Amino acid sequence: MGIITLTSDLGHRDFYVAAVKASVLSLAPQATIVDISHEVRSFDINAASFLLRNVWPHFPLGTVHVIGVNPDLSSRTPHVVIHYMGHYFVGADNGIFALLFDQEPEDIFEITLPQGHDWTFPMKGVFATAAAHLSRGGSIEFLGNRVHSYNQAMLPTPMLEGDTLKGHVEYVDHYGNVYCNISKTLFEQVRKKRKYSILFKRIGFAISKISNYYTDVVEGERLAMWSAGGHLIIAINGGTTTHGGGAAELFGLQVDDIIRIEFHGEPYSEDDFPD
Amino acid sequence: MGIITLTSDLGHRDFYVAAVKASVLSLAPQATIVDISHEVRSFDINAASFLLRNVWPHFPLGTVHVIGVNPDLSSRTPHVVIHYMGHYFVGADNGIFALLFDQEPEDIFEITLPQGHDWTFPMKGVFATAAAHLSRGGSIEFLGNRVHSYNQAMLPTPMLEGDTLKGHVEYVDHYGNVYCNISKTLFEQVRKKRKYSILFKRIGFAISKISNYYTDVVEGERLAMWSAGGHLIIAINGGTTTHGGGAAELFGLQVDDIIRIEFHGEPYSEDDFPD
Amino acid sequence: MGIITLTSDLGHRDFYVAAVKASVLSLAPQATIVDISHEVRSFDINAASFLLRNVWPHFPLGTVHVIGVNPDLSSRTPHVVIHYMGHYFVGADNGIFALLFDQEPEDIFEITLPQGHDWTFPMKGVFATAAAHLSRGGSIEFLGNRVHSYNQAMLPTPMLEGDTLKGHVEYVDHYGNVYCNISKTLFEQVRKKRKYSILFKRIGFAISKISNYYTDVVEGERLAMWSAGGHLIIAINGGTTTHGGGAAELFGLQVDDIIRIEFHGEPYSEDDFPD
């Protein structure tokens, strides 16, 4: 019996998440349901895709991921099930799948299940039905018609301007840690062993080193790190939103703010020196 | 093995919900526990009953619903288990059952299990014990003595004054959507195909049409809809508490505020025209 | 298949808790995961130990309790698994175990599993791996090397100064109830049947009686009670943070504030009178 994950803006205060679980458990009593987050900012598919990108690969093959952000059905946003790297994703094709996937999915099906009386609340209706079916080992073909593409959407990518790599803040977590859209891979490609300064909003607080541990700097001091997913984080050692202030509070950083990395001096050719 | 749902004001920050789950799982290790909400406003049995009314029918037959709002035992508020339409409800008879049920329940039993050392926290004590017993397929008769009624409480119902139907705000969800206690059934009975205006607190923002979709109005515009449960909702297309403001914020609407529907013109007799 | 509990400051908004669950379920698909709290104040091992002390004994024998507060590995804070009264505790030895346990544990093992690429997030990495192993019935010896002690930390204990017992506020729950570190056992030992006054910050609001029920005082009135765990609580009948104000708000009480109990008159010898 499979795992079904739920990502939404349904919150924890109302009855909505429980209604989705009631639907799922009515059809797949043995399913294991895991909440990713129900506190995604309303209508924010960037935040939803950020959360899901960071966590779906850690689930077992065959897991079904239900996405309830902007789930409404329209002619431009059909309900789909996508089979991608052995996982299933169920949601409205509102652009989020383009933000989630790097490669071609195995299968894309437009859901043709009857919407029933739950058409105002697809996560409880067709999404729960499709997820329960898949978690019981049912075939994706049963759920609708094969289609060959999904809607495209652009995750803004970092740009290189001269010796400066320009990215932006992609997510701020509840500690106040600031996640940027600059990956370790890109950084090392551009860097070519040069020195660098990481610059942001608050002038005079550049960071010139990427730490391995929070404790590489003294308590209360800023640092940059690579996240488990390989993206640049700006944080404060020992500082969080509820404890002295995290980086987001202390530097006034918000989603979409620019983060620049300036590289200094001559780039080394890859062949100049052994590493 | 059955499902046990939990509805309470115990919150997510403290150890209370986990203590209830520890009790249940000690007695019924295979039970599936589903949180309805633990963020009911303290002492608010109206809100608790609103949440539960909207979600319990979606669970499978045999589900046990534990209610931990105003759970204290007294001579006037005995602990009871009620069998209603194939579901079980466990809680203190503080009036909430009168708010939940429209028909006579199958069975009502006053719980006579020993209160034990958990008498200050009935949800962890007798409620968890009773729920675990029922979820394992145990008989309701085992839990206490049959009684024949529960405490009455009145959910205020809409009133018709001349050509105006007067209801009130029953619940505001975390999006800022406003749920009213006017049902589609009542509305259509009174309406008799007349035009109407839905009026509330903020003068000049009457609504004269009930939409099927949020997107029937332009973004940022107010609308009225029927909820999945058949009750009137006032909402903003694309507006929520965390995104530009929901209807509750924009119109200053709160629980118990009056919602009026004025009907205009001559009512059609049901027989005058085909529909 | 066992139960695994999670206690952390990871919050509910981000993807962190789901990442831990993904790890656990990948290794132990049948495990039952129970969240104790993910809203512990950052770095606050006192609050984490308070929550866990109040709830772990209610879980079945064999339950694995994973602690994700200050989880980072260092030479001074090794990752350990402790077998204590039939339960397992997994975390960094940052002092929290000294706050949790009153007696010698059965076994203490330093975890020697490879940290892998999740070393920045031990709860998802080695803690999840160790917990999954134990919940499947695996042996503790497999996880590392036996050690013979853990780091000591002091929970400040109440002091007796003349006829005054001085304790402090240990925790404030989400209702605004104030938990003190004065136990019923200590209180009765010192009291010797004397009268007493419970005094705190706000002058003029002494309490001279410990109630059995909230309703022993009129609504809106202050009271003292013993918690289910046997510690002194100061509360308001019918008052909570979201409903008129709990004791913490009304009396301005916070964690670490002093609570004094003054005893009046001559102590009775235990032998003077029958109880």
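Labels A, B and C are assigned to the chains in the order they are written; within every chain, residues are numbered from 1.
By our rule, a residue touches a chain if its C-beta (ideal position, glycine included) is under 8 Å from a C-beta of that chain, and two chains touch if they have at least 3 such contacts.
Remember, predicted model here, so these are calculated numbers, not experimental data.
Asks: Angle of the rotation mapping subunit A onto its copy subunit C, from a C-alpha fit, rounded to a multiple of 5 degrees, please.
Replies: 120
Asks: Validating interface symmetry: for the copies subunit B and subunit C, is the fraction of residue numbers used by both over half? Same or different.
Replies: Mostly different residues: under half of the interface numbers shared.
Asks: Nearest whole angstrom, what separates the Cα centre of subunit B from the Cα centre of subunit C?
Replies: 34
Asks: Among the residues of subunit A, pick out those that touch two or more other chains and give their numbers.
Replies: 12
Asks: In their shared complex, at which residues does subunit A touch subunit C?
Replies: It comes out as residues 3, 5, 12, 32, 34-39, 51-52, 54-55, 58-60, 173-175, 213-215, 225, 227-228, 238, 240-243.
Asks: Help me check something: in the complex, which residues belonging to subunit C touch subunit A?
Replies: These residues of subunit C touch subunit A: 9, 11-19, 21-23, 25-26, 29, 41-44, 72, 74, 117-118, 120-121, 124.
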